[in-house]
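Below are structures written as structure tokens.
Both complexes below contain chain A, partnered by chain B and then by chain C.
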Partner chain A sequence: MATSGVKIRRHAPWTPYAFMAPFLVVFLTFVIAPALLGLWMSLHDWDFMLEHRPFVGLDNYTALFDSTSAVFEMFWNGMKATAVFTVASVPLLVAIPLGLAVLLNRRFPGRTLFRAVFFMPYVLGVAVVGLLFRFMLDPNIGIVNGLIDLVGLDAALGALGVDWPIPWTTGQPWAWISLVAMTVWWTLGFNTIIYLAGLQDIPSELYDAARVDGASGWQQFRNVTLPGLRAVLLFVVTITILASANMFGQALLVTNGGPGDTTRTALIVMLGEGLESFRMGSAAAMSYLLAIALGIVSIIQVLAMRERGRPRWRS
Partner chain B sequence: MAVLTRSSQRQEPPAHRPAAHPGRGAGSVAGRGIFWLFLLVLTVIFIGPIIWMFLTSIKTNPEATSVPPTFLPDSPTFGAYEDLLRLDGSYPVLRWFLNSLLAASLHMVLVLVLASTAAYALARLDFRGRGVMFVVIVSTLFVPGFVFLIPNYLIIDRLGWLDTVWALAVPGAASAFGVFFLRQFFSMLPGELEEAALIDGANQWQIFTRVVLPNAKPALATLAVLSFLSNWNDFIWPIYVLFSPEQLTLPAGLRLLQGAYTTDYPVIMAGAFVASVPVLILFVFTQRYVIEGVSRSGLKG
Partner chain C sequence: MNTREISPGPSLSRRRFLTATGVLGAGAVLSACGGGSSSPGAEPAEGGGGATGYDGPDVDLAFWNGFTGGDGPFMQQLVDQFNTEHPNIAVKMTVMEWADYYAKIPTAVQSGNGPDVGIMHVDSLSTNAARNVIVPLDDVAEALELREDDFATAVWSAGEYDGQRFGIPLDVHPLGYFYNKAVLESAGLDPESPPMDRESYEAALEQLKSAGIQGHWMSPHNFTGSMTLQSLIWQFGGDLFNEDGTEVTWHEDAGVQALSWMVDAVNTGYSPTDVGQDADAIALQNGQAAFNWNGIWHINTLKEVPDLQWGVAPLPNIGGTQAAWAGSHNFVLTRQRRPDENKQEAARVFINWVSQQSIAWAEGGQVPARNSVRESADFEALPEQSALAQQVDYLRFPPSVPGIGDVFADFNQALNEAVLQTLEPATALSEAAERAAKKLEENRERYGG
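Our next item is the complex of A and B:
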């Protein structure tokens, strides 16, 4: 630290605590306390509407694994929906922004402008994006089907056996395609910016050396860019998985969990259980189970990427 | 954590550095043409929907739902906006706008005050428990936010804050990201500044407010914009902790609007556009700070 090692007395012993106090009060009340309270609730039959909230041990958790319980099907259907969304969206949200970042890392007039343009959708809220796409994806009057019709692509799709009009929000797999595509549109700029920062950290001498060795553009990407981005890539994959597991607003506003319950994600299920049915003990157990599942996924992913992605120019 | 150490040594923000390898592969005229065409197509894809939202909001409903679609409105009308402003009975859009503005501003101020004081102590003061506090604060960055939603609802209820602006502004104000972000910035400020102030007899509060904060304006601006944006756009939390129509924020109100005006698309798009304009304007003027802040968030892993 810059300040250590100087012997003059700088402040009273309580001064640092006075600086910390306002943050700590809010932090303890709304971060630490709820984390512990949630754990406590998950061990009780905690119904918001009832006075009596008996201790039930791990019953809220075991019920989630008991196929005869009331919550089993609902919960795992939600987990499945979240898993489908995560598996479908994460690869796109990791790969497309990487390509875009490499493109924007060239020097050309207006690159700051384009960077801002691709980031722009991200500053809109999910409510705005949800309403907008619900309208654009409407099977009958939406612009997406309108454009497909306008360029005559509907005939080509018809030849492939696709029913017209395409039920973007009311049929599968279209509903998933819609939710994934709109999420890519909405959040792609975020990952692009993070990649760009990472790209600018790669020493340009490495590219010079690769060019001297006669490496092609692709070989430079493969052997200099990718290894240089290893830590950034790990970070992007992690936060994108986390963000996908939080999927809520898009499915609520665009498909309303449908068709059937296919896009009713884990978060919709959990919040419905806790804040609509007010069975908060059960909902808290769901949230911890989902958090644990995410933790396991992150650990596996960190281990996997550590093994595969050793930077070549260091070894 | 390797990234973290590296970033704290970095002196200059990454966004302003020139590209590492200029002009690679953009040599031939044809190549350059394809490159620009590609950028143009991407720009249309990214801006198009936002423009479409505005264009629809100034159409009549029959035109907005016509097949095939018209692109520019035949006779532009602000009827949808008049509808929204007239609906101050059950759909008080103006009220929602002011609620959002109040909640986001209050939240922003709280984040700045709480995060800057805590980050100052963690970056520049020596005290027992500093290391533990920092580790605990940063480790909450790795806990998914949904874990806090249900118990926080209960805490807000006990405090009597349900259906009030406090429920929106306060719970997220202890921003672990904010502390981490500012601590890093404060740590990089040269120690000589405060040595000089100490010799002049300044106390820590004076050093904080007159030396450190004025020198941290870019970091504070970044945190301010990011916290305002995230609060303005928050959807999950307000739809559960607010009930009265007159207390809603814009995102929560939009959901109500969509339910009520299922097929009146100009009204729905006008509502969405009203919710977008402030953040789009904010972004246009502060995009340097927003993008800088996001670049930095990549270093928190």
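Our next item is the complex of A and C:
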């Protein structure tokens, strides 16, 4: 190889770019260009159907911070709903699939079947899942309350001070419980698969060594599995936060943003503002604020998880 | 020939939103494709406005609408029949959810991929006319010899914007009063004459209650709660907006009375709490409720339920003034980036033809827009539809003001909060009115209204 200081050119200078070109074209067209145009739009009162798209400077942004504006309450309620959902769903979507992956990584009869079963809901579209849960969870005619009633649990719940029928989709905190539970059921398969791949990457000699040292199952998990999954964990946490922050279909279909506007997430607000009220400039400003907020969260998280450096089992 | 297709729509998966560009990206891409736009209202009037037929080369017409319910197959039948009778015109109908449709159509029109013919509700016409999504079709109205006195005033005038006609009314679809005869009978009420005023309505609900039936499930959702509340506000002598749609008035006395009546029904046990979306309609089918105020499109849904004993009547008069909510479907022509004279002519022929098939369309669960057709023997042969058509003199339509749809989210939220008992009716309505007033003010500037 090129051990001396002499540079040996093995390819034309444009070769790497040529290899990247197919991706770059798509990336520039569908990510960078729209993002830049969105920035431009957010500085205008932008309705793509109207000739007149006046430049309004930062008005679309300042309106979001002005409590007397029409969008203020709507936008921040949306951000709050998104935050509530993210905080409630991310820990579950990180922890439950991890436990599942560890179980599914063991050798036992029917393992492949179970792997498929847990992944299966993920292939359903949000419309299917949403409609299914809307009817299952209907407070008066849904099967969930029907079953609770059938087995006589309603009396027990009543004794605990729970109003009957349980307003799964029409009261709080039940609506959030429903949306989070449904999302966990629906999407846990994805994170499980990622974890499984990560688990299979951990060399089995490490477990052998740990066992020789007399490590218990928990100690193996704590000192071999978790450190071995650090990079995977960072990835899972990041994409789960982003996915949860972009929650949209579930709330739209199951609760339609209700009760009141408590589950109207930031994305539903933006959709209404941009594509129903056609205030694209204002909607673009909103999505930039959401993007900035998510960017900050991601950076904090990467910094927090990078702290302890390389995985222990390699050191 | 089967030319119907269901639009796949945007498939929503959580991961697709991962890029965090979502709405922003979509809007940007679409407007990027859009580029410049041709000047508004510059469509040439074609030939005889569709009355003289079309003898040009073969054309394909794209026809979009939101007839996803029981009405869809009836429209498809009309389209098939039209295609058979007009060998040189092939109309292809695409059906999608109304909400998707209204979001999609402006972007499609702007990028030159829009339909040739569409359907719009009467309260969306002015918004879409103001935004140059649709073009005037005065010539079609003339060719059809449409006259103002043949239509409900609200339907007729809502089709006009800036002195030009943008919609050819196809039907009116009022809210109706559906009742389950078996349930009424089981509670000792006359199944053939449901209560028609407030006193007897409440007495019936009381009687149902003592028979263990929650008679009228109050929906806290758009469907059907919002239309019920609007009807009640008009019945109590109020309105949602002032005359020209510039100010919100739904939080005034009539609005509070109307919403309180709904909430009281929940409080007194005439309705269960926490009614879910569509649960009110399903309860009627299941025999769990006696009454359901639902749209006329519900007729065909109920007809498909085996062994269900049901009837339909004009809304009972709860508030003191006869009134009922109604909408109206209108034919529209969308603006074309690359106008094709043949297509424009063929589209007019299509509108002209369907507009004359009102009876076939009425069978789909609609009331014909024209008085003359409504008074015909053919229409009277449709008992359910003509029962609801009795309301025609006092039907009320959402106002036709550009951007008025923006504030219904607030109205619906007030309904939701009050019926779910999280806010007092008066508080919910006035908070919503405050939010809505700001939007109306912005719209006034925006549409120069």
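Some points to look at:
In the analysis below, the second predicted complex is superposed on the first by the 274 of 315 C-alpha atoms of A that agree within 3 Å, B and C clash if a C-alpha of one lies under 4 Å from a C-alpha of the other, contacts with A are read in each partner's own complex, and residues count from 1 in each chain.
By definition in this document, a residue touches a chain if its C-beta (ideal position, glycine included) is under 8 Å from a C-beta of that chain, and two chains touch if they have at least 3 such contacts.
The structure presented is a predicted model; accordingly, all values stated were derived computationally and were not measured.
With both complexes superposed, B is the one of chain B and chain C in contact with more chain A residues. With both structures placed on the common chain, the touch criterion links A:Ile141 to chain B and to chain C.
By the touch criterion defined above, A:Phe248 lies against chain B and chain C together after alignment on the C-alpha atoms of chain A.
In the superposition on chain A, A:Glu73 makes contact with chain C only, while chain B stays out of contact range. Looking at the shared chain after the overlay, A:Met20 reaches chain B, while chain C stays out of its contact range. Once chain A of one complex is fitted onto chain A of the other, the partner contacts of A:Ala197 are limited to chain B, with no touch recorded for chain C.
When the shared chain is aligned, chain B and chain C each come close enough to touch A:Pro34.
After overlaying the two complexes on the shared chain, residue contacts for A:Met280 are found with chain B and with chain C alike. After overlaying the two complexes on the shared chain, residue contacts for A:Gln301 are found with neither chain B nor chain C. In the superposed model, A:Phe119 lies in contact with chain B only, and not with chain C.
Overlap of the chain B and chain C interfaces on chain A comprises residues 30-31, 33-35, 37-38, 41, 48, 125-127, 134, 140-141, 190, 239, 242, 245-246, 248-249, 267, 270-271, 274-275, 280, 283-284, 287-288, 290-291, 294.
Listing the residues of chain C that touch chain A in their complex gives 11-15, 17-32, 34, 37, 40, 99, 102-103, 106-107, 109-110, 131-133, 217, 220-222, 272-277, 279, 282-283, 286, 288, 403, 405-406, 409, 413, 416-417, 420, 422-423, 435, 438-439, 441-442, 446. Against chain C, the residues of chain A that register as touching in their complex are 30-31, 33-35, 37-38, 41, 45-51, 69-70, 73-74, 125-127, 134, 137-142, 163, 165, 167, 169-171, 183, 187, 190, 239, 242-243, 245-249, 256, 258-261, 267, 270-272, 274-278, 280, 283-284, 287-288, 290-291, 294. On the side of chain A, the complex with chain B involves touching residues 1-4, 6, 8, 10-11, 13, 15-17, 19-20, 22-24, 26-27, 29-35, 37-38, 41, 48, 100, 103, 105-108, 111, 114-121, 123-128, 131-136, 140-141, 143, 146, 149-150, 185, 190, 193-194, 196-204, 207, 217, 231-232, 234-236, 238-239, 242, 245-246, 248-249, 252-253, 267, 270-271, 274-275, 280, 283-284, 287-288, 290-291, 294.
Against chain A, in their complex, chain B makes its touches with residues 2-3, 14-15, 17-26, 35, 38-39, 42-43, 45-47, 49-50, 52-53, 56, 64-69, 110, 113-115, 117-118, 120-127, 130, 133, 136-137, 140, 143-155, 170-174, 176, 179, 187, 189-191, 194-195, 198, 203-204, 208, 229, 232-236, 240, 250-252, 254-255, 258, 265, 268-269, 271-272, 275-276, 279-280, 282-284, 287, 290-291, 294-301.
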